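The letters A, B, C, D and E name the chains in turn, as written, and every chain counts its residues from 1.
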Amino acid sequence: EQITVAGPWIGADEEHVQAVLSVFAEQSGHDVRYTGSDSFEQQIVIDAEAGSAPNVAVFPQPGLAAVMAQRGFLTPLADGTEDWVKENYAAGQSWVDLGTYAGPDGNPALYGFFYKVDLKSLVWYIPENFEDAGYEVPETLEDLKALSAQIVEDGETPWCIGLGSGGATGWPATDWVEDMMLRTQAPEVYDQWVSNEIPFTDPAVVGAIEAFGEFALNDDWVAGGAGAVATTDFRESPKGLFSAPPQCYMHKQASFIPSFFPEGSVVGEDVDFFYFPASGEGGLGQPVLGAGTLWAITNDSPAAHELITFLQSPEAHEIWMARKGFLTPHKGVNLDAFGDPTLRKMNDILLSATTFRFDASDLMPGAVGAGSFWTGMVDYVGGKDVGTVTGEIQQSWDAVK
Amino acid sequence: MHPALQGLLTIVIGVGGCVGYFYFSNIFLDKVLYPARGPNAGRNINRANLIRPWLFLAPAVLALGLYLAYPVVETLRLSLTNRVPGGGYEWAGAENYVQMWNDPKFMEALLNNMLWLFVVPALSTAFGLLAAQLTDRIKWGALAKSIIFMPMAISFVGAAVIWKLVYDYRAEGQEQIGVLNAIVVSLGGEPTAWLTVPFWNNFFLMAVLIWIQTGFAMVILSAALRGIPEETVEAAIVDGANPFQIFFKIKVPQIMGTIVVVWTTITIVVLKIFDIVFAMTNGQWETQVLANYMYDKLFRANDWGVGSASAMVIMLLVTPILVWNVYNARKEMR
Amino acid sequence: MADLKLTDVAKTYGGTVDVLKNINLDIETGELIVFVGPSGCGKSTLLRMIAGLEKITGGTLEIDGQVVNDVPPSERGIAMVFQSYALYPHMTVRENMEFALKLAKKSRKEIDEAVNRAASKLQLEPYLDRLPKALSGGQRQRVAIGRSIVRNPKVYLFDEPLSNLDAALRVATRIEIAQLKEQMPESTMIYVTHDQVEAMTLATRIVVLANKGIAQVGTPLELYETPENEFVAQFIGSPAMNLLRGRIVETGARTGVTVGDGGGTIWSVVPSRPEDKDREVNVGIRPEDMLPTDDENFAFEGTVEITEALGEVTQLYFAPLKLDEDTDTVIAKLPGVQRDMRGKTVRMTAAPEKVHLFAEGRSLLYR
Amino acid sequence: MDNIAGRKSGLSWAVNISVVLLVLLWIFPTVGLFVSSFRTADQISATGWWKALFPTEQVVQLRTDDPDARVAEGDGFVLTGNLFGEEGGTLSAFGVSSRDVGAFAPGETADMGDGESMTVEADGSYTWRGNDEQISGRGQRIFVTTTTPPEFTTANYERVLFSGDRTDSMAKAFFNTLTVTIPATIIPILVAAFAAYALAWMDFPGRALLIAAIVALLVVPLQLALIPLLKFHNDIGIGKGYIGTWLAHTGFGLPLAIYLLRNYMVGLPRDIIENAKVDGATDFQIFTRIVLPLSFPALASFAIFQFLWTWNDLLVALVFLIDSSGDTTVMTRQIVELLGTRGGNWEILATAAFVSISVPLLVFFAMQRYLVRGLLAGSVK
Amino acid sequence: MADLKLTDVAKTYGGTVDVLKNINLDIETGELIVFVGPSGCGKSTLLRMIAGLEKITGGTLEIDGQVVNDVPPSERGIAMVFQSYALYPHMTVRENMEFALKLAKKSRKEIDEAVNRAASKLQLEPYLDRLPKALSGGQRQRVAIGRSIVRNPKVYLFDEPLSNLDAALRVATRIEIAQLKEQMPESTMIYVTHDQVEAMTLATRIVVLANKGIAQVGTPLELYETPENEFVAQFIGSPAMNLLRGRIVETGARTGVTVGDGGGTIWSVVPSRPEDKDREVNVGIRPEDMLPTDDENFAFEGTVEITEALGEVTQLYFAPLKLDEDTDTVIAKLPGVQRDMRGKTVRMTAAPEKVHLFAEGRSLLYR
């Protein structure tokens, strides 16, 4: 039986997922085809609407999956999957919640199976540069700001921030805002924000955005000045760390970013990361922001269910763990399988988290989370007033309600 | 099978099917249905000739109806409905339009589109006219024309990459790799992230389309200029006109008709413009245009109602040109 | 108002293609000179050189004694009327006529006066506010002429101005031009045409161009009656003059020639010298001068292959017919209707004053 | 025009110079892309492409050898070697701290504190002195200012066209693209030519209306059509695939094709077509034996248009062709995907873009004669 | 081989625009019929109806006794030669000539024979492998004719076949067509032209079309000598026949008319009836029939406004000159060169057999 899988992974990630799928193909005897696309989100909508969807789709955003489920394009996962996730995933219930959407009939069901997690609360830096300048890795948000000020004082630029991403320009800013949200507000507020129980214009949200603005809008703090933030491609942005002399000393980005580092740079040696520190005050603990891809069945077939079942095996996780850039909440995997010591360090951050929250923009409706929130952040960085920006975002949210 | 072989086979089947249709349907008409033989030969030929136009037209009419007319109707319908969760549609009246109208991004797109509509056709035509006039007068004009015409062959996405390189921005003090900033810096100015400067960035995007369309305008206008009777120009020379007077008072008025045609053709392109904005700014920094807004709504926000409504706005904006085109086509048939 | 003097004028295209050379011509004030010649012989080129629209590559052109080789067209005091009229299609008749004056920064009053004068002269008043496309061919041609008149030039140049008109209109406009010329006796006009009738009727002198040079210059009747060479003889008149091979048998004030093998002697008023005796000559007789004769001394005997009865005249084509581009067929044109000539063998002769003699292509009259 | 008496030649100079400027302005961006595609990533980000022909001064980070190779000297250790390794090179300045990358001239000794020091010569040879702790771990990072000669590389092309796992798919994409473009060019021409002939030379009721409708359809934006049509394709069972793609390209290309071709065919001499009728040709014969050969410029012109359009197309291919089986892909998509993975890399971006435009450019320059002729017939009236 | 019969043939465009009506015409095998008439009178339309290229909207067309109104062109046994030649530009001369035969699925041998025969008849052999663009105008026209010959049609249709040729070539080709017609006495030809000379010289009968109908049908000389109406009288002959207003004073086998106010009585051979006495008539005299006279009984007295010496003849234009499109000016054409006529007042008359009389537009001869 042929089973088709569509996902957003291309390039190196595509090879990794192919490796996983080929094992499944071998075990099950199915002919498994994976196609990755940069414009996966648009492609899957078109295909689903037209009725030519693949069997399984890998959604980078729960928000889109929710919409698809509501329109009836997704098939609920087999009974028992929910229990399995609860049992075998760390913080199982939260993963179940993230994968549960209202179907066309309004009844919620588990549609998405999470596999592969990204860690977002990371700051990348070059240890030797820190060494040269005598800087220490900061432990609190306050330290981080002090360090930034110190760097400026030394006549250098602390941060490289780039929001450019073609059609998705602006999304890196949302990660910043979300991390700031977790560092300035209680997790519950975060959840209210995600569900729009508090509007975007709420002072809490505004505060988080402004906290991001403290970094991004500060000409002295970002390489190229605030004007460069929005135009710099997020893939190009970290290169400032590596130039000689360095254009910046720190870069906040998720766990996947090493793919875009200059060729030959070794994480852990040439470049390293630290946890984007939480505020030392306020007792918000050690919040961690993450994201993950969820697999859903877009075209029902027994083989598709088989694939989901396969993903529940530790093996399916270990194959990718042995490669690169893969984190998992699966409790049953052999952690020795990590091919890369830095991944372990990330897992530690994940495990030491007092709060884990899923990327908010990915949970918001597409029009907001992959639309007005992005563009709003670009506008904000471009100099628009925060009130106007949040007002516009809220308005777009109201429109899709 | 080797992909080349497979491709070849597919091509043969596709093209062959098409050729076959025309060939055999005509054979059928002439040989079987109304054979041009026997006592009724004359009448049969006449009858066959009544049917034949439709035989020739059938595939085209079918394709046009299905691939262009039907989607327009479908879009109109979508713009007046809302999806209900779980599939199906409900009548929404003007709701989508109202919602769109209240969206500041829409207004921005509409205003920007207006700006595009004024600037791009005007400048493309003006540059094209200038290029046509100048290149017609020099020995290596054909070469110059080829070069100016070349961007026509480049896809919008390719053009976007090319121009991104031109507009590239590096922080002050760094070596600029974008030509524009390099020039600005060498003249003592400050580098600018051109694409993020609201309002003016529209013009930097338009430059790309102008760059592409000028060649088109030039070719057409150059032919028109060459179509001007040489004698009228000579008469003007004898009358004492200088080259500028000849150009503006004699030549340009005579090719006004062609200028209008070129202008409207480019206007249509402008209304459909999508790729350049999509690839260069994706509508950010206040560069949104309607086609990109529509794409955004359709495929990113999944809001088909508003997406279709904005598509209808594009259609609406095209309508005057459409009417004018149809009017001209009909006049020409007389 | 203007004399023109062309001295050794030549035209070479691209340094290699000689189109015209050694053109010497004096044109006096008030003349109407017509250039005729086969297609491609350089009539238009010569006219355009005079206008300044083509550079002169050799020799000098003087207008009123002043060399104007390098003077731009607009300063030569010329006006040109083109075959295609060359009206500015986007301007009304009035604007067309004003254009040159406006460029010359004439005052409004001057302009209006000039335009109105020209318009009334050419009966163009009712059309002043029309665009050219709303005019008939003849009216357009009148506007083109009007446009040149307003500038009050010293020299008018016409390049086949009537060839785009239909036959009837052509006749009418031709006569108009003739009248116009009479109203402006001071102006010099140069006129290029393909049409013999135009050339014959309008010209004070005709310049026949051929073979990169001037074949003959003279009044229309001079060219018709006493062509200098075979080329002019055959070029002027339609159908072309018949040329018959003959031998001079009697010399003196009148010349006797035997034509062909048989036949007697026919006489020509062209004088000959004693040494011309037995000289091979071509005897030229125009078709309309051919007369049937029963006499022994005929010029030509032949079988009528084809007759063409035009009512007014009848043309006889004699065998052998050779209808290539350079026709050699003998043609006679007899007045009125001639019935039943077909297939008959007839003898033709001509009055001595209508018999031309050419040796080596040149007329015996001119030597 | 150059023959006018009394014309000054200054004007001609002005014209020539203006055209040179115009041409430079028009070709400059493309040349930039072209040059960039032959440069390395470092070169591109170091200097503007217009400087590619000249040597550039660059600061590069180099590392000393692994301190394992150190030798004891006095109470400390010393490590010697050459920064440039085998390749050699010269440097004009060096630094040991990212804070001051050009602090020292060649031959000077950098004091790294606590007795640690580093001396680098112009040829890259260095002497690193320090105590046990200082000379350990990784090799010391040294910033070196060097002048690199202009250098071009075809590596980008190798990478885009032939690198590793993409070799297969690029070749496949190439043939797939041809499989899409050739019929997607020929079929609409064929269909349009027949229709254009009928509209130009056959008399039937509703002709004027039909022509008007076609002109109207010229302006329909095609994004509208995607979803309803894909649905339709699925309904009639052709789904995603070549046939659907051809049909879509045919549908979208038809109005322009019919419009151009009809305008051209109407301009053919009526007499010729009537003569063929008198000669006994049927409409089909007139079309194939007379009108088609005579319409060659227009056909060629539209063919080029359609070819360029289908070759450069991404949207239609994405929607109608590329399914999740992975068997079908086209050049543009491959390149866009490449852009996605390599978004920050100008060298790959430039190369990919240049690869994508090279075939259309080739076709364009080979055929532009016809393009212009047909275009004119279609639009100047 | 073919008779044509047109009965009440009519043509209406778009149901409203009458172009032709009530055309009745019998054409016999072997005739060469020429259609003439003013521009736009429907000559081409009529020819195209015969060819089957235009629908006949009224009446019937019979070829060889069979109604062919609904027979497509290719089945009518006709061939057509167009003004523009209408050669297939992408085929060689041979392919052009073969085309129809190939469509008719003739054998290779038949085709070759037919083509070679036609080619040799028209001296086209050297050009058989050339493309039309490599031929001169005259050669192209010959190919066009050759292409129609190979099909061996019953009826040849020519629509102004010579009007794209220059004057000399036109004469030559005209004579070629005349010879061709003689070689094919069986074929019927219909020929449309604007050129009077062509019409007069080629036609066995001329059909003058005017005013949506036929003005007169007859041999060329009939039309010239005895036009049925003023239209034909003025249409045939150039310059057109002068029409002078007069009054019948004497009736009988010959008719006496006084012209204008003064002047005596001139005579016409046109007979008149007693009741015609005092009838207002138009006296028609062709310019070439005008004779100067000193007699009291002149037809016309006027001042010579303009003379045009063409060498062969001299044309006198009498005042008042009216040069509008329908010219009313009296013109006389005198043979030879007439000097010094300008400004003189002369009296003109004409031989009685050259004086035509028209009442209410129709000739008194035909009633």
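Throughout what follows, contacts are C-beta pairs under 8 Å (C-beta built on N, C-alpha and C of every residue); 3 or more make two chains touch, one makes a residue touch a chain.
Computed from a prediction, not measured in an experiment: that's the story for all the values here.
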Q. Shared touching chains for chain B and chain D?
A. A, C, E
Q) Chain with the smallest distance from its CA centroid to the overall CA centroid? A) B
Q) Among the chains, which one keeps its Cα centre farthest from the Cα centre of chain D? A) E
Q. Which two chains does the highest number of contacting C-beta pairs join?
A. B-D
Q.
Just the number, please: Cα centre separation of chain A and chain D in whole Å.
A. 32
Q: Would you kindly tell me how far, in whole Å, the mean C-alpha position of chain E lies from that of chain C?
A: 28
Q. Could you state the distance in Å from the CA-based centre of chain B to that of chain E?
A. 55
Q: Find the geometric centre of each of chain D and chain E from their Cα atoms only, then give the gap between the two centres in Å, rounded to an integer.
A: 67
Q: Find every residue in chain D that makes contact with two or more other chains and list them.
A: 4, 45, 227, 336, 339
Q. In chain B, what residues contact two or more other chains?
A. 45, 49, 237
Q: Return the residues of chain C touching two or more other chains; collapse runs of consecutive numbers into ranges.
A: 52-53, 72-73, 75
Q.
Applying that definition of touch, give me each pair of chains that meets it.
A. A-B, A-D, B-C, B-D, B-E, C-D, C-E, D-E
**Q.** Residues of chain E defined as touching chain B within the complex
**A.** 68, 70-72, 75
**Q.** Residue ranges of chain D in contact with chain C within the complex
**A.** 3-7
Q: Would you mind writing out the residues of chain C in touch with chain B in their complex?
A: 51-53, 72-75, 78-80, 82-91, 99-100, 103-104, 147, 151
Q: Flag every residue of chain C that touches chain E in the complex, lowest number first.
A: 39, 138, 166-169, 171-172, 175-176, 178-179, 196-197, 200-201, 220-221, 224-225, 236-239, 286, 288, 306, 308-312, 315, 317, 321, 323-325, 327, 335, 337
Q: Provide the residue numbers of chain D that touch chain E in the complex, in ascending order.
A: 269, 271-272, 274-281, 285, 289-290, 293-294
